[in-house]
Amino acid sequence: SAQAADDTIKVGILHSLSGTMAISETTLKDVMLMLIDEQNKKGGVLGKKLEAVVVDPASNWPLFAEKARELLTKDKVAAVFGCWTSVSRKSVLPVFEELNGLLFYPVQYEGEESSRNVFYTGAAPNQQAIPAVDYLMSKEKVQRWVLAGTDYVYPRTTNKILEAYLKGKGVKDEDIKINYTPFGHSDWQSIVADIKKFGSAGKKTAVVSTINGDANVPFYKELGNQGIKAQDIPVVAFSVGEEELAGIDTKPLLGHLAAWNYFQSVDTPINAEFIKNWKAFTKNDKRVTNDPMEAHYIGFNMWVKAVEAAGTVAPDAVIDSMIGVSVPNLTGGYSAMLPNHHITKPVLIGEVQENGQFETVSKTPGLVPGDEWSDFLPDSKDLISDWRKPLSCGNFNVKTGKCGGKGS
Amino acid sequence: MLTRFFLMGLDRKAGLVLTVLALLAVLVPVMTLVVPEGSPWHLSIFSVSLLGKYLCFALLALALDLVWGYVGILSLGHAAFFALGGYAMGMYLMRQIGPRGVYGNPILPDFMVFLNWKELPWYWLGFDHFAFAALMVLVVPGVLAFAFGWFAFRSRVTGVYLSIITQALTFALLLAFFRNDMGFGGNNGLTDFKEILGYDIQAPGTRVGLFLATVAALALSYMIASGIIASKLGKVLVAIRDTESRVRFLGYDTESYKLFAWTLSACMAGVAGALYVPQVGIINPSEFAPASSIEAVIWVAVGGRGTLAGAILGAVLVNFGKSYFTGALPELWLFALGGLFVLVTLFLPKGLLGLWAQLTARLPSGKGKGAPNGKTADQKGM
Amino acid sequence: MSAEDTLLYLDGVSVSFDGFRALNNLSLTMMPGEMRAIIGPNGAGKTTMMDVITGKTRPDHGTILFEGETDLTKLREAGIANLGIGRKFQRPTVFEPHTVWDNLELALKAPRRPLNTLTYAIGRDDRARIEEILDITRLSPKRERLAGSLSHGEKQWLEIGMLLAQDPKLLLVDEPVAGMTDAETEQTARLLCDIAGKHSVIVVEHDMSFVRALGVKVTVLAEGSVLAEGSLDSVSANQQVIDVYLGR
Amino acid sequence: MRRAFRWLLAACVAIATTSAALAADLRPLVQTMGSGGYAGTEKALNQLSEAGDPAAVPVIEALQAGDLYVRKADGLVVIARKAGAGFALTDPLSGAVVGEAASGAIDKIKINNALRRSISATLGALTLMSPDPATRRSAAEAVFKSRDANALDTLNTAIAKEKDERIRRVMEQARAAVILTAGASEGDTQTAIATLTARGDRDALALLSMIAASGATDALKTAAAGAVAAVEQKLMFWGALQNLWYGLSLGSVLLLAAIGLAVTFGVMGVINMAHGEMVMIGAYTTFLVQQGLRTYAPGLTDLSILLALPAAFLVSGGVGVIIERSVIRWLYGRPLETLLATWGLSLALQQAVRSLFGPTNREVSAPSWMSGAFELGGLTITYGRLWIVVFAFAVFAALLVALKRTWFGLSIRAVTQNRPMANAMGIRTARVDALTFGLGSGIAGLAGVALSQIDNVSPNLGQSYIIDSFMVVVFGGVGNLWGTLVGALALGSLNKFLEPYAGAVLGKILVLIFIILFIQRRPRGLFALKGRAVEA
Amino acid sequence: MLDVRSVDLHYGAAQALRGVSMTAQIGKVTCLVGRNGVGKSSLLRAIIGLKPVSGGAIHWDGADVTKLAPADRARRGIAYVPQGREIFPLLTVRENLLTGYAPLPRGKRSIPDEVFELFPVLDSMLERRGGDLSGGQQQQLAIGRALVTRPRLLVLDEPTEGIQPSIIKDIGRAISYLRDKGDMAIVLVEQYFDFARDLADDWTVMERGEVVLAGSRKALNDEDVRQYLTV
C-alpha cells in the first residue's frame, strides 16, 4: 500500500521458500520476521514501524534478480536481507548496485567480492576454513587431507585456498585428495570407501567437507554405516549446522566437526535469550538455531544502529554509517563492520554430539576480521577493499596503488 | 517467393498476434521513455524487463510448440538450446566487461582469474565480436540439435524414448556446465554484465532496445513458424505427428522433415536464450535443469498445444502468474500454480486457446471432453 | 527365370519372427503392367510379403528386385515408395487430423523433399486430379471432413484414393473390399482393372467374387510359400487349395 | 549388557586384587581428571594408562560415555546418571553412592576426538584380559589401531592365556603392529610381516609399506615388499568385488525408485511427474510411524521400519487412488496432459508437505538391525544396503507375480491396452484404473520407506529421484518389468564402475551420454517389445 | 429380447443416429445392413454402451440398460465383436481369451470347447501375442473371446471381414449353431450379402442414420434389402 510507506519502513526478505534451497532459507525468513517483530516491539526504527516484505524467489537465480528489482523499485524497501547461494547473490548484485540498494548477505561464502551495496555478515574463508584446518593440524595432528566438495564455486574456491595453504605448510601433493560430486549426490558408498582407503595409509587423515545442502544427509548416513569414526578420520564441515543435523541420527557421528562462528550450544545469556525467543516465535521448542541466523541477527542490529546513527534510511547515508558499527554477537562478544563490508567474528570449532548439537572444542582467542580477498590466491592477494571515503573502492590494488583490480 | 511464404501463414489469428506485438513495440517505448514517471500510464523499466523476459519465454514456448504441437516430438530438453544461446550471448557480454572486472584483467573473466587460469580457453575466442557471438547463438544450439536429431531420428527414436534422451541431454549439459573446469563460471555462471554493443546494459534506453529486439524476434519467428505450418511441409509434419510410418510409405523421408523442424526450433530457442540473458543479467547452469524444460512444456500445454498463439499466451500467462504469486502469496503460490495446471488440464483440454476455439467454433471438432473412454489421436505417441 | 524384364522379382525370401516362419522361401515375379491376385489362408504371409516389399520388414534372406535392378532390401521405406511402389494397408490408415482433401494432397505425386513441400503451391492440374479422385471414391461431399471422423468403409475408400493419387508403378493392395457392400466391391474391381495395364497391381483379397471379377492370374500362398498359381478356376479346383483355404 | 559387565568387572577386580590399596593409588589421578581442560584430562588419562590397573576401567568408560562429572561444590569427580529431575552420583572407583545433585551443580568432563582416541587405546590395553571374549577382541583391535608400545607386555600375557583361536589371531596381529611400529629383532619382524600379510587389509598394507620403504635390513625390505605386493593383489580383487556390490546396491535403490513408475508410467502410460512425491509421502509416513512409536511404544522403535512398510503402502496408495479418481481418470487417451496435471500435483504436494512438516529435513533413524556393517571376506557390506537390496528384489518379485500371474494383473494389462474394449468385455475399468494407480503409488511409498534410510526426508526427496526413475524405466523398455530390473542394475553398476575413474560428476555425465547412445541402438529400450503388436 | 427405442447418437455436433429403433429376439439372428457410414457400427456401440446415446432408450431382458456402463452390460450377457477386432495386442492369445472371464462368476470360468472347435488356429497359437496375429486370425480371436463370456446377446460387427472363405463358412455354421441352441440373441452387421442372407432371420436396414426397412426374412425379399446397398 502506497500510503503506508510514509509511516513504516519496509524491509525486504529475499529468501527462497520453495525449490531446492527452501530447506535452508525458509528459516532465515522466519528469523528475519522475528527480528523485525522484536524491533517493532521496541518501538521500531526512527520512530517508525518496520514492515517486512516477503517474496519467494523460488531457488531460481534470475528470479532472485527480478524479485530484488521488485523489492527495490516497487516496494521501495530500505534494505534487503537475503540470498543463500553465491549465485543468487551474484545474480542480484548488479541490481543492488544499479538501484543503490542495501543487501545483507548472511552465509559463509568463498570471498573474492566486495560491493558497496552488500554487507557480508557470513564468514569469509579465513573466518572458517583456515582456522578449521589449523585446528586439525595442531590438535588432531592431521597429515593427510581429503577435500571433498560439491562441484561448484564455493567448494572449488575454498579448496583452492586450502590447497595453497596446506602446501604452504609443507603438506605433500600425494597427501591431498580432492573429490567433487554433483549437487544432490546421494550415493556415497564408493566415495566414503575411498576416503576410508585414503585414510588407512598410516598417516592421520581428515576430511574437509564443503559438501552442500541435501547431499550431506546421505553422506553422513553413509559415514555412520561404514563406521568411519571421528577419532579415526574426522570430518570437518563448513556447511553443516544444527539445522542439517536435525535430519540425521547423530549417534554414529559423534565427534565429527564443523567450523562456524556460532553454535546453538554456546553458553551465553544473550544466546539463551535468542533461543528462547526463537522457540517462542516459531511455537516449536524443537526448532534449532544456526550460524546464518546469527549472521542475520548481527546484520539486522547493525543496520538498525546505522540507521539510527544516520537518522535516515537513505542508502548512501546508511552505507557510510555502517562501517565501524559494532553490535553484540551471540557468542558473547561484539562484531564490528569493517571497511570492506565484512565483519569481525570469532571462529568456533565444534564436535557433533549425540543430541544433534555441537560442543565447542576450540575458539579463536580474539575476533577474526573477514578477509574478502584471499591472501592465498595469486591474483587477489594484492587487493584490498575499503569503502570509506576517500578511497571508497572494493578492489584497490596495493601494488599499483589503483582502484580496479590489477590491470588498470 | 518469400513474401508468399509469409503471407501463407497469415490468417486471422496470426494477424491478431502480430498486431498485439506491434502495439507492444510502439506502446512500451512510449510509455517508459516518453510518459513521465508518476503518470498512471508510465511503465517502469522493471516492467519492461519483465515483459521482455516473458516474451523470451514465449519464444522458447513457440519453438517448443513447433516440434511438439506439430511434429509430435515432445522435447523435455529444449531449455538446453535456450541456455546454449544464452551462454553464447553471455560470453559476448562477459568479454565486453573488459578491464572493469574486479581483478581488472582485460582478457580473462573474473572467475577464471580467481581460479588461476592463465589464458582464455580456445572456445572463448571470437566472442568479443558481437557478430560472431550472434552467429554462435544460432550455430551452437543448431549444430547440437542437428547432430542429436540426426542420430536420433535416423535410429527412429520416438515417443517417450526421445523425450527421455532429450532430458538426458540437458541433464548432462547441466552437470557439465556446473563443473568449474568447463570454463563457463560453474554454478555462478556468467553475470555482472556491463554493456552490449557499447550501450550501458542497465540504461533504460538499452533495456527498451532489448525489449524491441525481443518483440521483433518473436514476431519474425511467429511468422516463420506459421508460414511453415500453413505450407504443405506443415501438413507433412502434422501427418508425421499422427502416423509417421504411413508418411514414410508415401515416400516422404520423414527423418529430414523432423530434422528440419527440430533444428529450426533449436535455433529459435537459442535466440530466445540470447535475448533473455542481457535482460535478466545472468546465465547459470540451472537454466539447463530438466525442470526448466518441463516448465516450458507446461507453458505450451497451458496455452494450447498445437496453436502457436497458445504457446505464446501460455508462456506469458504462466510466467506472469509466477511473478505475481511469488510476490503476493510467497508461501502458497505453488498451490495456486499447481492447482492452475490441474484445472487447465481437466477443464480446458485444448489449453486456454482451446477455450477460445471452443467458444468461437461453429462446428465443434466432435471429440468429447476427455471422457474416460475418449480416444483421440494423441494416443499414438508423445 | 531372369530378373531383367520383371517389375518385381522375389526369390527365396524368408522371414521369421521368434522362430515362427511367416515367409518360407517365397518366390514370385511380376511383369510390368500385370495385375495379380493373391489369396491364401489367414496367416499365410500375404501381408508379410507386402511388408517385405515395402521395407517395413527386413527379410532374413532372399532377393527382392524392382525393375530388375534395384535391390529393395537395401532401401528404407521412403526410398522404396519413391521408386514408385504404393501400398494400401489391410487396416485402413489415413491421416486422421487432416481433412480428406489434405490426405489426398499429401499423397499426390510431387517432389517429396522438405524444400519442395515448403514452397509447394497447389496448381490447377493437381486440383483437378484430386477432384477426380474424390469423385471416384465418392468422398466429394466429405472433402472438408477430418479423416478421423470417417466410418471404416469410408477410410478404406480414402486410402484407395491416396494410392491412386500417388500414381505408383506398382500398387500393393491389401484387402481393398473388406467392409464394402457388394456393389462397391464390383466398382472397386472395375477401378483396379482400369488401372492395370498402365500400372502393375498386386491385390490380396479373400472375396472370391471380387477375385473372379478381376479376372487375372491368381497366386495362392500358404504357410509362407506359393501353393498354387494359375487362373482362379484352376486354383479353385486344386484339392489342396480347397482343403486349406476355400473349404467346402 | 555392557553395564552389567562393568559392574561384574569392577567387582572381580575389587575382590581378586588388594583393590583397596590400588584404588587408593588411583584416586588422586582420577581426581585430577576434571581439571585443566582437555589437556588436563588427557594427562590424567595417560597416567591411568601407565598405571595399567584394570580398576580404572569403569572410570574411563564413564568418561567415554560422558557420564563423568565434577561436583562444582567440592571438585569431587563422580559418575552421574540421570535420575528423575537431577542426577544420581556414584563414586567412579568404588561404585558407592555419593548422593544426588541438580544438573546445575555438576560439570561434565568433556572429551574431544583426541581424548576419545586415547580412551580407546587405554581401554584396549586395560581390557585385553577381560573375561568377556567380545571385549577382548575389540581390545585387541584397539591396540592394533593404537600400536601402543605400553601394551606390549599385557599383549604377550594375553596371547599366552588366550584360548579362542580367532581372538588370539587378532591379538597377534596387534602385537605385530606394535612390533613393526616400535621396532624389534629381525626374526620377530619377519613373523610380524607374515602375520600382517595374512591379515591382508589396508591397515596391514600401510604398515607393510612402511617397512618396505624403511625396513632395517634389505632382507626385511624385500620380505615386506613381497608382502605388499601380495596384499595389494588381494585388495584389488576385493576392490573389484566391492565395486560390484556398490553397483548392485545403487541399482537396487534405482530399482525401488523406478518400480512404482514402471506401473503408473510403464503399464498405465501416465507420465507421472508426481511419482517422486509418492516416494516422498512414503518417507514421511515412515517418519510419522517412527515418531509415533517413539512416543507411544518406545520399545518397538526398532520395528518402526517394518510397521512403516504397510503404512506407507496404504498412505501413498491411498493418495494415488484419490489422484486417479479425481484427475487422472479424465485423462486416459491424453497421456501428454497427464504430464501437465501430475506436474501441477507434484508442486502442490511438495508445498503441502512443506507446510505440514516444515521445509527442513526430518530424522528417520535406522533400526539397529539396519545399522552398521559386516565383513564378508574382503567386502564391507552395510546392513542398511543389504536390506535394501533384498527388499528391492522382493518388491520386484511380488509385483511381477501380481501382474503376470493373477487375474488382477491380467485386467490391468487388458485395461491399459484397450480401455473401451476391456470395458466391453466386462472388466470394471474404473476400479482397475484406480487400483492400478494406487498400486504404483503404493510401491512408490514402499520405496520411500527404504529411501528414508539413506537419503534426506525432505520435501525435495521425490524430485531427486524422478529423473533417474524415468531414465531407468525408459532405458529398460517401457512396459517391461524385467527391463526395469535390468535397467536399474545396469545403470547402477555402470555408474559405480565409472565413478572411480572419472569421478562422480563426470561419471554421471558419462552415464547420461551412454543412455543417449544406447537408445540410438535400441530405440525402444533394452527389452524392447518387438513385432506388429507394438507397431500397430 | 433387445429393444432399441428411437435412439439418437451424436459425435460432437454431427448426428450419426436419428431415432433408430430395432429389436432382436432370442434364438434369432437379426442382420443389420446398410452402406458405409450409415451408422451401423454407431448403433452397435450404443447397444454395447461404448458410446452414450443422446436420446431414446435401450432395453435388454426387460430392463432399461441405457445408463449402464459397458462392463455392467457385459455382466448381463451382452458380448461384442467389434469392427477392427480390437484385440489386446500385447496379451497372448490365451490371455485375450481369459479376459472373457470378467463377467463370469468364479465357478464358471473356463474356455468353452466350441471356441477351439470353431477356430483350431487359436489352439495352436495360444502363447503368441494377439497383436502379432494376422488380420484374419485376430478376427477369429475376437469372436472366440466374445464366446468365452457365454453371452446371451452376441453383437457382431462385420465378423467376416478379412477372413478366408473356409472359415467364413465355419463362422456361418457357428452362428447358426448358436442361434439354434436357442438361448442367444444375435445381432449381425454384415456387408457380405450372401453370408447375411443365409443367416438372417430378421432384417434391419439403415440409411443415413435412420432405419429405413425392417422385417422378418419372410416378409422381405432380397431385392427389397439390396436396393439400399447399391451405390
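Which chain is which? They are A, B, C, D and E, in the order written, and residues in each are numbered from 1.
Here, a residue touches a chain if its C-beta (ideal position, glycine included) is under 8 Å from a C-beta of that chain, and two chains touch if they have at least 3 such contacts.
Here the structure is a predicted model, which is why all the values come from computation and not from measurement.
*Asks:* If you apply the touch rule, which chains end up adjacent to both chain B and chain E?
*Replies:* C, D
*Asks:* Hey, which chain ends up farthest from chain D, C-alpha centres compared?
*Replies:* Between chain D and the rest, the longest centre separation is with C.
*Asks:* Suppose every chain is reduced to the average of its Cα atoms; which one is closest to the average of all protein Cα atoms?
*Replies:* Taking the mean of C-alpha atoms per chain, the most central one is B.
*Asks:* Provide the C-alpha centroid distance between chain A and chain E, rounded to the nearest whole angstrom.
*Replies:* The mean C-alpha positions of chain A and chain E differ by 75 Å.
*Asks:* Between chain D and chain E, tell me the centre distance in angstrom, where each centre is the average of that chain's C-alpha atoms.
*Replies:* Here the centre of chain E sits 62 Å away from the centre of chain D.
*Asks:* Report the inter-centroid distance (CA atoms only) between chain B and chain C in whole Å.
*Replies:* 44
*Asks:* Distance between chain C and chain E based on Cα centroids, please, to the nearest Å.
*Replies:* Computed from C-alpha means, the inter-chain centre distance equals 29 Å.
*Asks:* For chain A, jot down the residues that touch at least 2 other chains.
*Replies:* Chain A, residues with two or more chain partners: 17-18, 151, 180, 182.
*Asks:* For chain C, jot down the residues that touch at least 2 other chains.
*Replies:* 17, 91, 149
*Asks:* Where in chain E do residues touch at least two different other chains?
*Replies:* Expected reply: 11, 14, 50, 132.
*Asks:* Of all residues in chain D, which touch chain B in the complex?
*Replies:* 271, 273, 327, 329-341, 343-352, 355, 419-420, 423, 429-430, 463, 467, 470-471, 474-475, 478, 505-506, 508-509, 512-513, 515-516, 519-521, 523-525, 535
*Asks:* Provide the residue numbers of chain E that touch chain C in the complex, in ascending order.
*Replies:* 11, 14, 35-37, 41, 83-84, 121, 128, 132-137, 139-140, 158, 161-170, 191-193, 229-231
*Asks:* Touching chain B in the complex: which residues of chain C?
*Replies:* Residues in contact with chain B: 54, 56, 76-79, 81-82, 86-87, 89, 93-98, 102, 105-107, 112-114, 117-121, 146, 148-149, 162, 166.
*Asks:* Considering only the defined contacts, which chain D positions touch chain E in the complex?
*Replies:* It is residues 407, 410-411, 413-414, 417-418, 420-430, 479, 529, 531-534, 536 of chain D that touch chain E.
*Asks:* Using the touch rule from the top, collect the residues of chain B that touch chain A in their complex.
*Replies:* Residue list for chain B touching chain A: 44-46, 49-50, 53, 99-106, 110-111, 113-116, 175, 178-180, 185-189, 191-193, 202, 280-282, 284, 286, 322-323, 326-327, 330-331, 333-334.
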